[in-house]
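Presented sequentially are two complexes of chain A, the first with chain B as partner and the second with chain C.
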Partner chain A sequence: MKRRLAYLLSFLLVLTLTLSACGQKTTTTAGGADVIKIGWMGSLSGDQAVWGQCEFDTVKMLIEETNAKGGLLGKTLQVVGYDTKGDPQEAVNVAKRLTGEDKVVAILGPNASGSAIPIASVLEAAKVPDIATVATNPKVTVMDGKVKPYNFRVCFIDPYQGAVVAGYAIDILKAKNAAILYDVGDDYSQGLTQFFEEYFVKKGGKIVAKEGFKTGDVDFRPQLSKIKATNPDVIFMPYFFKEVALSANQARELDIKATLLGGDGWPSEQLISMAKAAVEGAYFANHLDFDDPEVQDFKARYKAKYNKDVELNGYLVHDAFLLLVDSINRAGAADSQKIRDALETASITGITGKINIGKDTHNPEGKDAAIIKIIDGKYVFQQKYAAE
Partner chain B sequence: MNTYIEGILILAGINLMAVLGLSLLTGFTGLFSFGHAGFMAIGGYTSAMLSVKFNCPFIPAVLAGGLVASFFSMIIGKLTLNLKGDYFCIATLGFGEAIRLILDNVQYFGGARGWPGIPNSTNIWNVLAFNIIAVLFLANLIRSRHGRNLIAIREEELASQVIGINVFKHKMISLMISAAYAGIAGGLMAHYMTFLQPKMFSLVKSTELTIIVIFGGLGSISGSVLGALILTALPEFLRSVSQWRLVFYGLAVIFIMISRPEGLMGGYELTPSSLKKLLIRFKNRSQGKVKGLEGGNK
Partner chain C sequence: MTQFFQQFINGLSIGSVYALMAVGYSLVYSIMNFSNFSHGGVIMFGAYFGYFLLTIYKLPFSVAFIGAALLTALMAVVIERVAYTPLRERKAPYLYFIISAMGASIFLENIIIATIGPTFRTYPEIFSKTPFKLGVLSVGRLDVLMFVTSAICLALLIYIIEYTKIGKAIRATAYNIKASALMGVNTNVIIIIVFALGGFLAGIAGVMFGMKYTVYPQIGAITLKSFIAAVFGGLGSLQGAVVGSILLGIIETFTAGYLSSQYRDLIAFALLIGVLVVRPMGLMGKATEDKA
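Right, the complex of A and B next:
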C-alpha cells in the first residue's frame, strides 16, 4: 500500500511538473526583447463560455493581423489568455498570474463585472492597466466617487442602459405601465432592473408588476400569469438570451400582447432560432448597430477565419484592442505605466462608436446606445438614443 | 515572493481553514455536509460588515465571523442533528443554497452584484498563523475526551449511546466548531478578495471542500492539509492546458479515489513520532531487513 501511494504521489508530481514546465516554456521562449505581451482573461468555461471564446478568438485574430502588418513599435504582439470560469476568485488568480508570472503590459477583459471588480487591487499593486469589455457595473471603474487608477472599459454602464430603455419606452413607445421580470440571482439582471425602475418612475411611468425568477429556471408561467393580470404596456426582460427565448415563448403562449424590452444580454443568433415569433417586434438596447457599414469588414474577417458569427463581446474586445494599440503607440513604449497614462487621454473611433475615455470615470463618455427592433427575425437598427 | 505563488498559498490556506472544520465534522464525526460554503458566506459577510461599516480591526472581525457562523450552525443543528442517516446531509445542502439566495437579494450587502471595497488585510502571514492555531487546536481536540467520543460516534453511533455518550451534544459541538472554522475561512476570503459575491459560495464550493476532505483522507488532519494544498494548486498548475485543465483536475481526483479509496493519508497522521517510525522502518528495510525489530509495533 505504501508503495502504491509512493507511485501515485510521484505520478502526480511528475504530471504537474511537466505540465507547468510546458506552460513555462511556451511563454519564456516566445518572450523576449522584441515581443509585447498582452494579457486576456474571460470565461472559456461555464455558462458564459460562448462570449469568452469569441473574445479570445477575436483578440488572437487581431494580433495576427497586427503582426502581419509589422507589429507595434517594431515589435511583435503576443497574447497570453486564461480562463476565469466567470468566477471572482479565479479572476484574481489569473490577474496575479498575468501580472506576476507572464509580465504582460496590459490586460484585455474580463467580460463579467463580478470578475472585473476584485482584480482592481491586483492591478494597482502590479501597476498594469486593464480594459474591461462588457463589464457594465459602475463600480468596475469608480468606487465611492474615486476612480480606480488601472481599470478602464469600452462599454456603457448599467445606469445608462437602464435609463435608455426606460426613456425610450416612455418617450418613443409611449408606454405608461411597465412590468419587470428579472433574475434574482444574477448581478447583471439586478443592476439593470434597479436602474430601469428608478428612471421609469422618475419619467412618470408606473411599474405595475415586478416578478423574479432564479438562475436556471425554465418555467416562467406563474410569474407571467401574474404579470398578465396587471395588463402592462411593456415587459422589461433584463437577462440573457436563453431565458429571454423561453420566457418570451411562454408569454406569447399565455396570450400576453405587451411589447418586450431588453438589454445587451439579448443579441445572439440563438435568440432568433429559439423564439423567432415570440420576440417579433421587441426592442432592446445594444452597444452597436450590427448592420452599420463600419462593422461589416470585421464581421466578414471573423467569419472567414472561424466560420462562426461574431457574438456581441467580439465587437467590444475589438474596440478594447484598438484602444490599447492606440495608447501603446502614443505612449511610445511598451511600458505599463505609460500605457495607463495614455489610456486616460485616449480618444479613438472604434466599430462600436466614438470612445473618449473620461479622466475621472475611465468610461467611454457620451457613447450612445443603439436601439434595435426585431423584425422578421432580423436585428433592425432603429436609432441612436441617449438618455438625458 | 512572487505575488502569484503567494496568492495561491493564501488561497490554499483559506481553503485549508474551511477544510479543517469540515474534516472534524466529516472525517472524525461521520456527518457529511454540503452546506459549508453557506457557513463561509455567513462568516465572510459578517466580518466584511464589521470592518467596512463599523471600522472593526481585522482579527476581531474575522473571529466574529466565525462566531456568527457557529451560531447559525447551532440553529441548524438543533433542527436537524436528530435526523438519521442522509437527512442531515440534505438539510445542509438546502441550508447552503438558501443562504446564497438570501444574500443574492439583501441589497444592504450589495445583493447579487457583489460587495466591493473590503479592506485588503489578509496576507500570507496571518493566514499561516490562523492555520497553525487551527491545526494545533484540532489535533488537541481529537486527542481529548471529546475527540474520542466523536470518533466513537463515527464508528458506531448506537454503541456509543449505550456506553453513555450524549450523541446529540457531541454532534452539536462538532458542527459548531466546524462552522466556526468555515466562518473564519470566509472572513479571511473576504479580506483577501476585497470583494464578496454570493456566487462565490455556491454548491460547487461546498462540494469542493468535501472533495478535499475525502481526497486527503477521512479522519486525518495531515491528509486535509495535503489535500487543501494539492487541490488548490493543481488547477493553477494546469493553466497551461487551458480549457482541458478542469478535465485533468477531475481525472486526478478520480484516479486517486480509485487507486486509494481511503484518500491520500487515509487515517494516518504525519506527526514527528510517526515520521520517525516510518524512517526507522525504511532504514531497516534498506539495511537488509533486520528481522524482528518491528514485528510487534506494526
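Right, the complex of A and C next:
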C-alpha cells in the first residue's frame, strides 16, 4: 500500500514538473543565430494581470517596430516572457528559467516590488541585468546601503515624490512655511516625509509643524488644530486617499485654508466623492499623467494595434525598453556583462521623463514627476517637475 | 488659549463617540461578566444598516437613524442567541464566551468583506460640513448633534436601569444572576433586553461614526479604544464608561496637541495603565474581579 502511494506520488510529481515545464512560455519571432534574446517577466494572471498583459503587449509591439527598422546591431530582437503570477517565489523560478534555460541577455520587469526584490541573487549568479518597471520600493536596487549590481529600474522610488512636492511648493507655489501630517506606522509615508522635510529645508523653506497619526486613525483634529496654530502655507499629506479625505475634510472644518499637497496615494474616485470641496485646489505628484503631450504618440500606436488603452505600466516598460536598446547599442555587443556596465552610465530621454541612471543607486536620478492639480473634482495635469 | 479650547472641544467630541460604544461593553459585562468583543462588529453593522437605509431605500434621516438602531438591536440579540446562549446553557467558563465573541467579531467583519466588499463608503451629506463659529473656535454641526444624542441616549439608559422595574431586574441580575432567577426574574429575558439595549446604542454609535467619518469593515478595531475606556472608567458601571470615555478622548487630544502626536497612544495608554495599577477596579468600578 505504502509502495503504491509512493508510485502514485512520484507519478504526480513527474506530471506536474512536465506540465509546468511546458507551461505558459510565450515567444515572438522565430529563433536563429542572429537574434538577441531579451526576457520579460510580470503578472499575466492574478489581480495584477491587466498591468502585466499591457507590459508584455508593449514589449512585443516595440520589438516588432525595432525589427521592422532593421533590428539592433544587425540582429533581430526576440522576447521570451513568463508569468510570475504576482508571486515572489514564482518570480525567482522565472528568473532562473530566463537566465539558465533561455539564456536571455537582459530582463525587463517585473512590475511589482515584491517580485523584483527576491530575484537579485539569481541575477547575480547568472550575471544578467534586469530593469524593473513600476517597482517603487527603495529595496529593489539598494539593500542595506549597498547597490545591487544587476538590478536597475526606470521609475523613481516612492520617497522621491516627497522631494518633488517640496521643490514644487517652493519654486512654483512660492510656499515658505510647511506643515506635515504623516502616518508614523507606514514606511511609504515616513519615506515621503523624510524627503519632503530635507528638501524643503534645503531650499530655504521652514517646517513649522510635523504631526503624526497611526494607521487606522479616523480623527485628525488634535493634530490639525496644532497645525492650524502654526499658520502654514501648505500642508503635506503623504498617505492614502481614505485618510486624505478624512483629514482634508477635518482641516477645512477647522477653518484651515492652507494648500494641501500629496503623493501618488491620492488619485481615486473615492477621494473626490468624499472630500470634493476640501481637496479643491490641492496638488499631488504622480509617475506620469496620461494627458502629458509627450506620451500621446505611444498611446496612439498602442491603441491602434491592440484597441485598448495603455496602463501606467505600458509607459514605463516602454522606457525600460528604450533604456535597454540604448545600452545594447553603447555596449556594442549582446553581452550581459557589457550591457550591465553600459546601463550604469545610461542617460536617455524617455516618454516618462529623463532617465539618468545613478551609479550608486541604479535608480533614475532626478526624474520628472507629473504634478497634478484637483480642479472642480477633476485631476488636471499641470507640468512635469524634477527635484535636482 | 484658543488652541486649548479647540482641543477641549475636539476631545469632548471624540470622547462622546467612545462613550456611546463603551456603554455597550459595560452593560453586557455587568450581567454576564465577560467582555463582549463582538460589540465592535455590531457597531460596524449599525453603520452599514444606516448607510443602506439612507442610500438604497432613500429613507428620511430620522427614520433611517431609528431603523438602523432597531436592526442593530435585533442583530445583537441574534448574536447572543447563536454565539452565547448555547454556552450559557452548558455553563461554560467565561473564557469560552470571550473566544466565541472574538469569533463572532471576525465573522461579522469578514461577511461584510465577502458580500459588500472591503472598500469604504461615504454617507450622503445630511448635515452641512460648515462648522458653527464661536469666535475663533469652530464646532462641527455633526459634533454637536453627536454630543447631544449621546447625552440623551445615555441619560435614557441610566433612567431605565435606575428607575424602572426592568432596570431593577437588570440590576438584580447583575448583582447575582442565580438569586434573581430564584426570586422570579426571568434572566433569559433580561439578557435579551440587555443585548437589545446595547445593540440599539451600538446602532446609534455606528450611524454617528459613519456620518462623521466613513463606513468600512474594520470599524470594529476603533471600538477597542472604547473598550479600554470602559475598563478605565470601571467595567460594569455605566457612569464609569461615560466618564472613562470622555476622559480618554480628552487625554488623547491633549497628548497629541501639547506633547507629541507621534507618541500619542504610547503616552495616553501608559497613563491609563498607571491609573489601573493604582485603582484596578477602574475609576468608578465597584467589583474587584478580573476584567477579562
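The criterion applied here is as follows: the second predicted complex is superposed on the first by the 220 of 388 C-alpha atoms of A that agree within 3 Å, B and C clash if a C-alpha of one lies under 4 Å from a C-alpha of the other, contacts with A are read in each partner's own complex, and residues count from 1 in each chain.
Quick note on the criterion: a contact is a pair of C-beta atoms (placed from the backbone, for glycine too) under 8 Å apart; a residue touches a chain by one contact, two chains touch by 3 or more.
In this text the structure is predicted, and so the values were computed from the model without any measurement.
Once chain A of one complex is fitted onto chain A of the other, the partner contacts of A:167 are absent, as it touches neither chain B nor chain C. When the two complexes are overlaid on their common chain A, residue A:253 makes contact with chain C while staying clear of chain B. By the touch criterion defined above, A:205 reaches neither chain B nor chain C.
Contacts of A:214 after superposition: both chain B and chain C are touched. When both complexes are overlaid on chain A, the residue A:110 reaches neither chain B nor chain C.
When both complexes are overlaid on chain A, the residue A:92 reaches chain B alone and has no touch with chain C.
Of the two partner chains placed around the shared chain by superposition, neither chain B nor chain C is touched by A:267. When the two complexes are overlaid on their common chain A, residue A:353 makes contact with neither chain B nor chain C.
Between chain B and chain C, B contacts the larger number of chain A residues. When the two structures are aligned on the shared chain, A:225 is found in touch with chain C, with no touch to chain B.
The interface of chain A with chain B overlaps its interface with chain C at residues 184, 214. Every residue of chain A that touches chain C in the complex is listed here, in rising order: 184, 211-214, 216, 218-219, 221-223, 225-226, 228-229, 242, 245-246, 249, 252-255, 270, 273-274, 277. Residues 2-3, 6-7, 10-11, 13-14, 119-120, 122, 129, 131, 138, 140, 213-214, 216, 218, 221-222, 252-254, 256-257, 260-262, 264-265 of chain C are the ones that touch chain A when the two sit in their complex. For chain B in complex with chain A, the residues that touch the partner chain are 2-5, 7-8, 11, 100-101, 104-105, 111-114, 116-117, 120, 189, 193-195, 197-200, 230, 233-234, 236-243, 245-246, 248, 252, 255-256, 259-260, 264. Residues of chain A that touch chain B in their complex: 4-5, 8, 12, 15-16, 19-20, 22-24, 26, 44-45, 81-83, 87-89, 92-93, 96-97, 99-101, 113-114, 117-118, 120-122, 125-126, 137, 139, 143-144, 184-187, 189-191, 214.
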